[in-house]
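Okay, got some structures for you below.
Shared chain: chain A. Partners: chain B in the first complex, chain C in the second.
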Partner chain A sequence: MAQESFLTDDFLGQLISVGEVDILVGVPTHNNAKTVGPIVETIQAGILRFFPRERTAIINADGGSRDGTPQLVVSAAIGDAQSRSKLYALRTLRSISTEYASSPAGGTALRTILAAAELLRAKACAVISPESTTITADWLAALLRPVYADQFDLVLPTYRRHRFDGILLTNLLYPMTRALYGLKIREPYALEFAFSGRLGSQFLAQNAWNEETARAGSEIQLTLAAIAGGYRIGQSFLGTKQHVERRSADLVPAMRQTVGALFSSLEPNFSVWSGKTGSQPIPTTGAEQEFSLEPLRVNRKRLREMFSTGVAELAAVFQSILSASTLAELQGIAGLDEANFSYSGELWVKTVYEFAAAYQKSVISRDHIIQALAPLFRGRALTFLMENRSGSAANVENNVEALCLEFERMKPYLLEKWNGGK
Partner chain B sequence: MWKMIVSELTQAMQELARGFAHILPRIIVVVIMALVGWVVAYLAKVILRSILRLIKFDKLSENAGASQLLTKAALPSATDLLCRFVFWVAWLGFILLGVRALGIAGLQEQIAKFFIFLPRLFVALVIMFFGLLGATFLSRAALLAAVNANFPSPRLLSVSVRTIIIIFVLSMAFEEVGVAEQTMLVAFGIAFGAMMLGLAIAFGTGGRELAQQFLERRLVPGGKDEGKGDELSPL
Partner chain C sequence: MPLKSDEPWYKHAIIYQVHVRTFYDSNGDGIGDFPGLDEKLDYLSDLGINTIWLMPFFPSPLRDDGYDISDYYSVHSSYGTLEDFKKFLVSAHERQIRVIIEMVLNHTSDQHPWFQQSRSSQENPRRDWYVWSNSDTGYSEARIIFLDSEMSNWAWDPVSKSYYWHRFFSHQPDLNYDNPAVREEMWNVMKFWLELGVDGFRLDAVPYLVEREGTNCENLPETHAILKELRHKLDEQFPGKMLLAEANQWPADLRPYFGDGDEFHMAFHFPLMPRMFMGVKLEDRKPITEILRQTPEIPASCQWCVFLRNHDELTLEMVNEVERDYMNDSYAQDKAMRLNLGIRRRLAPLLDNDRRRIELMNGMLMSLPGTPSIYYGDEIGMGDNINLGDRNGVRTPMQWSGGWNGGFSVAEPEKLYAPLIQDAVYGFPAVNVLSQKRTQHSLLNWMGRLIAVRKTTGAFGSGSIEFLYPGNQRILAYVRQLGEEQILVVNNLSNAAQAVELDLRRYKGNILIEMFGQNIFPRVGELPYLLTLGPYQFYWFRLRKI
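Our next item is the complex of A and B:
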C-alpha cells in the first residue's frame, strides 16, 4: 500500500470508486490513437465472452499522449461491445485512464498498473500492448485463465512470428535466459502477459523503482523475479504477432530495456542461476512457437557495414570488455565479404558472456557496455538472416535450438569469466 | 707574535664553537622535523593507499584513461603516483618547517609562498583528473552514439570531443596554478574559436545535405519514418 503515494489523487479516487475487482487489464500507452480503440474494444469483447461473471476493470497508464489516446480508451463504451458481440456482462466493467508522467517510461507504466491491481485486490491481471493489432478476444482467455483458474503466477505469450522478427529474443534473450535459469521461456520479454495478484504485489514491493528501472525493461524483470522467486510460470500460444517495422535507432533502446535488465539481474540472482545446468520445458498451452516464412526486405549490406565499422571503430572499447582471442576473431570476420560472412554461434555466445561479465565488473560505464554490444548484435543478426534465408520453419527452429544448446554448453565459461578469469 | 696568533686562533675557534653551539639546536630541530615528517608522511601514504584501494581508484583512473597515459610515460599506477605525491609534499612540508627554524633571511618568504601554492597545485591536479575522466567518458559516449547511428567518421567526432574538453581542462588547470595565465587564456580562446569556426564552415559547406536531412528528420512530420524497414525487428 506504500506504493499508492505516486498515484494521483484523481486516479486514487477513481480506483476507490471501483472497489475490488477479480480481473484487471492494463494497457500502457503513449500516442497510440491509431490502434488503441480497436484493441480496447477487443479486450472488452474478450472479457464479455470469457469472464462475464467476474468484476473487471481496464486501466490505461498513459505516458503523456498528445493524440487523445486516453480519451479513446475511456470512451470505448461497453455497450457497443455488448451489442456487437450479443454478450452481456453480469458485473461492472470500468475503464480508467491516468497519466503517470508527461513522457513515456515503461517501468513507471507497469508500476502504475501493479499498484492499481494491488489497490483493487485483483486476483489476475493482464497487460496488453497498445500496438498489438492482431489481438483477438481469445488472447484474454489464453493469458488470464491459467492465472485465474489454474493458479499460475505468470503467463507469458508465444506467437506465430515472422522468422526474422524478435531476432534479439531468438539470438540472445531466450537462449541466455534458458541457459541461466534452466527454463524454456520463449518470450522472457513480453508486451502481453498475465500475472497473479501475489506476484504483482511481491514485485511491486521488492523492486527499487528508481529512475533507471523506470526506463529499463520492467517486463523482463518481472519474468526474472518470478523465476527467482520460484513462482509458477506458464506460457500460452496467442496467435500471430504482427511485424513492426523498425529503424536502426530503435536497437539501442531495445537492448537497454532487455539486455541491460537481463545483465543487471545476474548479480542479485547469482545463487539462483549459477548452479543450474540444462533446461526444462514449462507448461505451455498451444504451440511453443511458430515461424512464418514470407519474404521480408532487410538491408543486409548495411547490417554488415555497421558491424565492420563497429568492430574497427570501437576496438579500444572492446579491449576493456572482450578477451584478446574473442576480439581477434571478431576482427577476422569483420574483414570478410557478405558471401563469406559468418558470426558463429560459439563466438556469439562467448561475446555475450564476456559482455555479461564485463557488465558485472563495470569495466566501463554499464550503459556504454550495452551500446557497444549493438554493432556486434547486427553481425550476429546478419548471420542468422543468411543461415535461415531459404530454410523451412523447422530449420529456423533447429537453428534457434542449436544456439540455445550452445549457450547452455558454454555456461561454465560465463562462470569462469564471472569469477575473474580473463 | 706566536702568542698573538694563538690568541686569535683561540678566539676564532671559540666564536666558531659559539656559532656552532648556537646553530646546533636548530639543525637538530631540522633533523627531528625531517624524521617526524618522514614518519607522518609515510603514515599518510599508507592510509591514503588503503583508502584508494578501497574505492578502487586505479579502476577509476583506468576508466578515465589516465592509467594508459601513465603507462605510456613509464610512470607508476595512479594510486602509487598519488601516494608518492602526498608523501613527498608532506615530508617536504615538514622539512621546510624545520628549515624555517634556521632563521635564514629570504628563505622564509619562499617557504610561505610554497605553502600558499600547494592547495592550488592540488586543485589543479584534481581538475586535471576529473577533466580527463569527463573527456574519456564523453568521447566514448560520442563514439558509441556515432557508431550506432551509422554516422560517418565516428572516431573524428570522438577525438574532437576529447580534444575540446582536454583543452578546456588544461586552460582551467594552468589558470589555477597561475602559470602563463594570460597566454593560456588567449591560446584557449584562439584554439577553441578556430575549432568551432572550422566545424561550422565544414558542416555548412561539406555537410549541407547532411544538415538538411538531419533537420528534416527532426522537424518535418513523418520525417522520422525514414529508414523504417531497413532493420530487423529486435523484439
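Our next item is the complex of A and C:
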C-alpha cells in the first residue's frame, strides 16, 4: 500500500476528482517549458486515437519548475491536432499536476506517478519524458497496448539511435543486465516505458523509498524489479530517439542513477542472477534496435585525456577496487597515444565486474566507486567511438553484440570476485 | 371543468406518451381503445402526469403503426369511435390532463383516397397533391432515412407509371406542400381536432415538408414558412394551443423551428437523449454538458421537450461515428437490437434493469431544461421484445397486473395486437402496475414521488441553468433558477461512490434543503462545498437563505 503522506492534500484532492482510470500517463518534469506542451498534446492525441473509450489521466510530477512547466501541462489541449486528425474525445481528458519537491529527484517523481497509479487503480501506465520531442501518438499504442491488452507487465522501448548515442547503455547497462539476468533488454534504463498496475503497486510497496532512492535511477530499478519478480516484459520499437548533447559533468550523476542502481541490485537479486547463463530474447514489437550513422563531432582527445588523468590521479582508489593485473593493464593503455589507444572489451568487462564486486563489498564509499568508474568509462567510450567510426549500422550492432557476449562469457569472473577476494 | 389557466402550460407539463392500442383493451378484442384509455386516466392522474401525447389513432392500414394515415378525420375502428375519443378528451380534461395528438403532416398512407385519386390519372385534381416525377433521379442530395428498408426516396407507381417521392417508407407518399390546396386541407384537419378540444399537436417529421433541387430537402426556408403559417392560424383561432416539433436535427438546425417565438412552441431535443445514456456509460458529464453548451438560446415563450425513450429506436443520427460505435457497443451488443441508425430498446433493458441508473436517468430527465416526456410503461420498468420486427418490440401491451394478459385485455392471448413481454425479468408477472402500486418503494411509486417533487418548483420547467464544473468529471452539477428560487442538482454518473467539491461561493449563506426528504444540509460558506454521493445517486437541493 502506498504511503500517501508524501502526496500533498491538493494533489490528493485532484486524484479524488479524477477517480478510477484505465490508463495513466505520467510526465515527470523540471523546467521543460520549451518542449512539454507539444509532448502533452501528442500524448492526448495518442490517447484519443488508440484508447478513445478508456478512462485516462495525465499526471505531471514536477520537481519545482520555475518556467511554468506545470501550467503548460495542465492547459495543453489538442485543439489543432484534434481538428487535423479528426480525433474526438468521448470523455473528459484530465491532466493534473503536482510539485513533489522544490528540486528535481527522478525517484520521487516516479514514486509520485506510481502512487497516483495505485490510488486511481490504473490498469496500464506509461511514463513519457518531457524532452522526447520526437514522440508521436503511436508511441502511446506501442507502449501501452501490450500492457493494457496483452497482459505484459513492463514494456520498454527500443529506438533508432545514433550509433554514438547512449554509449553507457551499449557498453555497460545493456550488456551487463543481459549477462546477469539472461534477458536481451536493450533499454533497461528507459525514459519512456509502460507498466501494469500490479507491477507498479508491487514496486511501490517493496521499494525502500528514501533520499538515496529518490535520486537513484528508479526507472532501472523498476526494470530490475520486474526481472527479479518474474513479470512479463516486452519491448516496443518507438522510432527515432533524438540525440541530446550531454555535458561531461552529467556523466557521474547519470552513472549514479544507472550503474549505481544496477550494482545495488546485485546483492538482493543474487539468487536471481547468479545461476543464469547465456541470454534469451524478449517479446519485441517492431525492430529490436537500429543505429543511425549521421556524422557527429566528438572530442576524442579530451576523452583520452580524461581517461589518462583519471587513471593517474585515482591510482590509490583503483588499488582498492581493481585487481593488480587490471590496474596494470589500464595504466598501460593510459600511456598510449590516440592512434594506438584501445580499451578492449575483455578488459572493460573485467573492470566493470571488479567494480561491481568492490561495490558489493563497499571497499570504499559506494559513491566514490561510481565516481571512479567515470574516467574509465570515458576510455572505453573512446575505443567504442574509434571502432565504430566508419562502420555500417550492422557493424555497430555486431560490436555491441560481441561486447554482450564478452559480458556473458566472463560472468564466472564476476561470481569469482563476488564470492572471493580481490 | 375548465383547465387552469397557467400559460404557458407546456413549460410545466409532464408528458406521458402512449399509443391507445397499447394501453388498455376495454372490449376484449385484443387491441387497446379509447374507452380503455379513459378507464385508466386515474392511473395517469395518480402518477402525476398532466399531459398525454397520443400516437396516431386515425384510420390506417397500420403498415407503420398508424403513421400511415388513410383518413385524418376519424378514429381507427379498432380504437373506438370519434365519440369515444371525445368522451376520453372530456374525461382527461376533467382530471386537469391535457391531450396532444400526433399529426402526420409530411405524408399519408398510399391507401389514402387522396393518393388513390392522385395516382389514378395525370389529370385528376389531386394529382398535384403528391410529388411525382418521370425519373427517380431528382433531389439526389436527400438522405434515405430508413436505411434498413428503403433503397431510394423515389418509388415507382405502376398505376400512374411514374415515380412518387417518399422520405419514409415507400407506402407513405409525401404530400406536396407547394400546392396551396394541400396546405389548406392540412390546416382543416388540424382545425377539426382543435375544435374537438385537443390541446396541441406533435407534428411528425416536419423538416421534410418541402423539396428543392440542389438541397438535402431538410429544414428549408419554404418549410419554415409553411409552419409559421400554421402557427399563425393556430394563435389566431385557437390561442393557448401548442405545437411540438419532431425534428431529429442538431441544435443549431433545430433553433429555426422556434422562429421568433412564431413557429413551434416546443421541439424535441434529440441530440441530448443519446448523450445522457453516453454520459452514464462513460461515467463522464462531457457528452451532456457539451451538447447543452451547443444548444442555442430559444425565445422565452418556447421550450425544449426532453425524453429518455419513445416509440422509436434510440436514435443515433445526432451523434458522430465515434459516439455511435460506442453507443452500439455499449447498449446494443446484440445486432438484433439495432435498427436504422439506432437501438430499438426500452429504458429498463438499456440500463440493465439497474434501478439506480433508471432513477438517475429519470432524475436528470426531470431536472434538465425542458418539458419531460415519459414513454408509457417506462414508469414501471417494462422490457422489450427484440424478436418483434421494426420498432414493435417497444410497443407491446401495457402490463397492468400479473394476471390474464397482464391485465391488458380479456381476449385470447393469440388475439392480442402484439404478444406481452413474458420473460422472467421483464415479463408481466414480474413487472406490472398492480404489484408496484402495492410496494411502497416500487419504481412506479418512486416515479410518482419524483414527479411530485418536480412540481414543487417552477425552476425545472422555466428556470435558467448554470453548470458547475467541479474537478470530478463524474459529477454533473447545475443550478436551476427562476426568480429568487434556486435549485442545485448534483448527479453522480458513476457506478462508484464519489466525493465532489462544489464551488458554491456565489450562493454563500444559503442552506441546502434536500427536496425529497426535506433534510437540511450545512450552510454554504467560502470553502468548497464537499458532498459525497453513492453510486448513481443524485441530489436536488433547494437553496434557502434563512
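Following the convention adopted for this analysis, the second predicted complex is superposed on the first by the 413 of 422 C-alpha atoms of A that agree within 3 Å, B and C clash if a C-alpha of one lies under 4 Å from a C-alpha of the other, contacts with A are read in each partner's own complex, and residues count from 1 in each chain.
One rule holds for everything that comes next: contacts are C-beta pairs under 8 Å (C-beta built on N, C-alpha and C of every residue); 3 or more make two chains touch, one makes a residue touch a chain.
It should be emphasised that the depicted structure is a prediction, and the values quoted were computed from it without experimental measurement.
Enquirer: In the superposed arrangement, does A:Arg94 touch chain B (first), chain C (second), both or neither?
Expert: second
Enquirer: In the superposed arrangement, which partner chain does A:Ser365 touch: chain B (first), chain C (second), both, or neither?
Expert: So A:Ser365 only meets chain B here.
Enquirer: Quick one: is A:Gly19 in contact with chain B, with chain C, with both, or with neither? Answer first, second, both or neither.
Expert: After superposing on A, A:Gly19 lies in contact with chain C but is clear of chain B.
Enquirer: In the superposed arrangement, does A:Arg55 touch chain B (first), chain C (second), both or neither?
Expert: A:Arg55 contacts chain C only, not chain B.
Enquirer: Applying the touch criterion given at the start, work out whether A:Asp150 contacts chain B, chain C, both or neither, answering first, second, both or neither.
Expert: So A:Asp150 meets neither chain B nor chain C here.
Enquirer: Which chain makes contact with more of the residues of chain A, chain B or else chain C?
Expert: Touched residues of chain A are more numerous for B.
Enquirer: So in the complex, which bits of chain B are touching chain A?
Expert: Per the touch definition, chain B meets chain A at residues 62-63, 137, 140-141, 143-150, 154-155, 224, 226-235.
Enquirer: Can you tell me which positions in chain A touch chain C when the two form their complex?
Expert: 13-14, 16-20, 52-53, 55, 88-92, 94
Enquirer: With touch defined as at the start, can you tell me which chain A residues reach chain B in the complex?
Expert: Against chain B, chain A makes touches at 162, 164-169, 189, 191, 243-252, 254-255, 258, 297-299, 302-303, 305-306, 309-310, 313-314, 317, 320, 363-365, 368, 371-372, 374-375, 377, 381, 385.
Enquirer: Touching residues of chain C toward chain A in the complex: what are they?
Expert: 278, 282-287, 320, 322-323, 326, 470-474, 494, 496, 498-501
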